[in-house]
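Before anything else, here's the structure in question.
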Amino acid sequence: MYVTRRATFSASHRLYNAELSEEENFRLFDKCASPNGHGHNYVLEVTVAGEVGEETGYVLDLKELKKILAREILDKVDHKHLNHDVDFLRGVIPTAENIAMAFWNVLAPAIPRGRLHSIRLQETENNAVEYRGEQK
Amino acid sequence: MYVTRRATFSASHRLYNAELSEEENFRLFDKCASPNGHGHNYVLEVTVAGEVGEETGYVLDLKELKKILAREILDKVDHKHLNHDVDFLRGVIPTAENIAMAFWNVLAPAIPRGRLHSIRLQETENNAVEYRGEQK
Amino acid sequence: MYVTRRATFSASHRLYNAELSEEENFRLFDKCASPNGHGHNYVLEVTVAGEVGEETGYVLDLKELKKILAREILDKVDHKHLNHDVDFLRGVIPTAENIAMAFWNVLAPAIPRGRLHSIRLQETENNAVEYRGEQK
Amino acid sequence: MYVTRRATFSASHRLYNAELSEEENFRLFDKCASPNGHGHNYVLEVTVAGEVGEETGYVLDLKELKKILAREILDKVDHKHLNHDVDFLRGVIPTAENIAMAFWNVLAPAIPRGRLHSIRLQETENNAVEYRGEQK
Amino acid sequence: MYVTRRATFSASHRLYNAELSEEENFRLFDKCASPNGHGHNYVLEVTVAGEVGEETGYVLDLKELKKILAREILDKVDHKHLNHDVDFLRGVIPTAENIAMAFWNVLAPAIPRGRLHSIRLQETENNAVEYRGEQK
Amino acid sequence: MYVTRRATFSASHRLYNAELSEEENFRLFDKCASPNGHGHNYVLEVTVAGEVGEETGYVLDLKELKKILAREILDKVDHKHLNHDVDFLRGVIPTAENIAMAFWNVLAPAIPRGRLHSIRLQETENNAVEYRGEQK
């Protein structure tokens, strides 16, 4: 059984690889490398897989998952600049892929029942990524 | 190939385990244990997996799946109270997880071609579950 | 300038006019009169009209409107039964129209800047009402 | 007859009134004053009112309105920082209200047939403003 | 009080003015003049304005409006070609504007309580029109 | 890691098997066999699976996938009749299942990094298919 909690946050970012020249950054990231940054309303969907408890009928109380997401993720990224303001993203190019992997590393040990199954991060209505813990 | 039919229904429920005290119920289910119940517009997505037929280009005619969903599920739960009015939910704590498993048991034998692959049930715009028949 | 705050709540209700017979109620309200009630995820949109303040660039800080909605409306109706649990709906047939008018009467005096312009209440993805204070 | 074209853009901003102290800014704008800014996927809906032409059946070809929006607005704000990168927002606190009024001033003279009726700007899934040219 | 019923239908059309040359049609309508036609999932929103009845709490039972829409509109346009299959669109260039006006003429006399207030027709997720009966 | 690009297109089609009688076609496809065709706003979601590149933080730049989709698919199907106007659908009954398989065959060799994982095609808000390359 898979249970999913959806949340949104608003943040800004700039796609920029500090080891490359300005020119190479614009070739790679185009308008996403715009110097003053830009932003998104990110939609985050966190899915936990597990057995349904007999006493509760829950895999995991989604109100509890809501609190974990608020404490571990949303309080740290909402209304922030992802390149500058977030401890666990320091030194990371904040593509949706890299953000999803960073969220996985923060959330996986914080899930109290079942196991983290996937992190889906939608950046715009047309672009999304999903990470299931395959890659280290 | 996976084909999915989406449907909605409006129902009320109360999360309450009759074997526990009132106090334990409120600790477990919080406002979801509110005595007079509350309700949702549930969004149900039923996915069938199978081969595409050469004559029809269909796995399963979704108009046929629509009729099966109406007859087996929607006519029984739409505009109903899930704790009191639904035969196949009698004695079940109507969490989204338990409802999805009950729907699976009703629908799996009713699919005429292909096999039932998943039941997704969205309770609110932020909470959803998906069941793929793993747990008995 | 019009500013709109959207919020959702989950509640149950039964459409039933106590002055009519059971039979007339079913003729009028059909499955909406189902005795144990049913429920919805209501989507509420509250619009305030006013001038934009020069110091703030706001008509009204929507974070403030969010708090007003939580205190005056959502805390009283979310996860509740609208026929039984809500003071300001006592004796009212809880159609979307009547709920919207009741919300108007609660909210109009609570708006600190500008004036309440409209209350839109969506009951299902296909049914909605909007009230602009015309009818007493 | 009213015709509406919808478009989206991703931008960052910071709510900050340069004439007030840091402390007053945080009291007024709270987390929206976060120093490195944050961002949104804005949804813009531009509505033009007019008569339907007999030859075309159009008020205004929406493909033409699409091009006007791209040239006058989207190319200037998409993937940009609204406080720093946009000529027509210089010196403006970039609240949704002020952005909508600035867009009105840019677009109103650029509409070739009919007249600009409203600009709706949605900042998050819960917050939106609509401007109809009332305030100067 | 305004009550709105939403419905969808799938149809094809071709934008083509028979009094103009092939060349002028492509200049005016571009890819919308593609000879074999193309299609849309139209979203129709019909709004009726009126007083709330004391006995029912309804302006108009939306289940009744649903039946009127099915009988007067949807049965005639769903899964049809709007240039060839619909009596009340014969000789009309089927732009969203013209379809909305034709729907108005069919529906206005069929509304049993209150009065037709607006017809909104969404052709794609970015294009919509709204008609309020102003133009004859 | 899975990355998904969403796109929409508007097309018409008719479900019709030329090897069957008119009568059998209507029995199989019902109103979908309507002689002049009908249409949809299709929503296409293309998912590519792969490793995240260290230099870019991307599996595949979604702006590049956007261009591939435009060139290989959207330019050929948008505002077209799927039975008549599309080379790679010639002789195919254009059900959502068959369209998704045809898109797979076009796209799989065109993905420059990672591998095509799934094609999801939504025909209406209630009907969708997903293909993952299983069937030849």
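Going by the order they are written in, the chains are A, B, C, D, E and F; count residues from 1 in each one.
Simple rule for what comes next: a residue touches a chain if its C-beta (ideal position, glycine included) is under 8 Å from a C-beta of that chain, and two chains touch if they have at least 3 such contacts.
As the structure is a computational prediction, the values presented were derived from the model and not from experiment.
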Chains shared as neighbours by subunit B and subunit C? none
For subunit A and subunit F, chains touching each: B
Determine, among A-D, B-C or A-F, the equivalent of interface A-B; equivalence here requires over half of the contact pairs to be the same by residue number. A-F
Quick one: point me to the chain whose Cα centre is farthest from that of subunit B. D
Using only Cα atoms, superpose subunit A on subunit D and state the rotation angle in degrees, rounded to the nearest 5. 180
Farthest chain from subunit C, going by the mean of C-alpha atoms per chain? F
How many angstrom lie between the CA centroids of subunit C and subunit E, rounded to a whole number? 29
Could you put a whole-Å number on the gap between the CA centroids of subunit C and subunit F? 42
Note the residues in subunit A that touch 2 or more other chains, in rising order. 125
What is the complete set of touching chain pairs? A-B, A-D, A-F, B-C, B-F, C-D, C-E, D-E, E-F
Which positions of subunit E touch subunit F when the two form their complex? 8, 10-13, 31-32, 34, 36-41, 78-81, 84-85, 124-125
For subunit B, which residues count as touching subunit A in their complex? 15, 17, 20, 28-30, 92-98, 100-101, 125-132, 134-135
In their shared complex, subunit C is touched by residues of subunit E numbered 1-7, 47, 51-52, 55-59, 61-63, 66
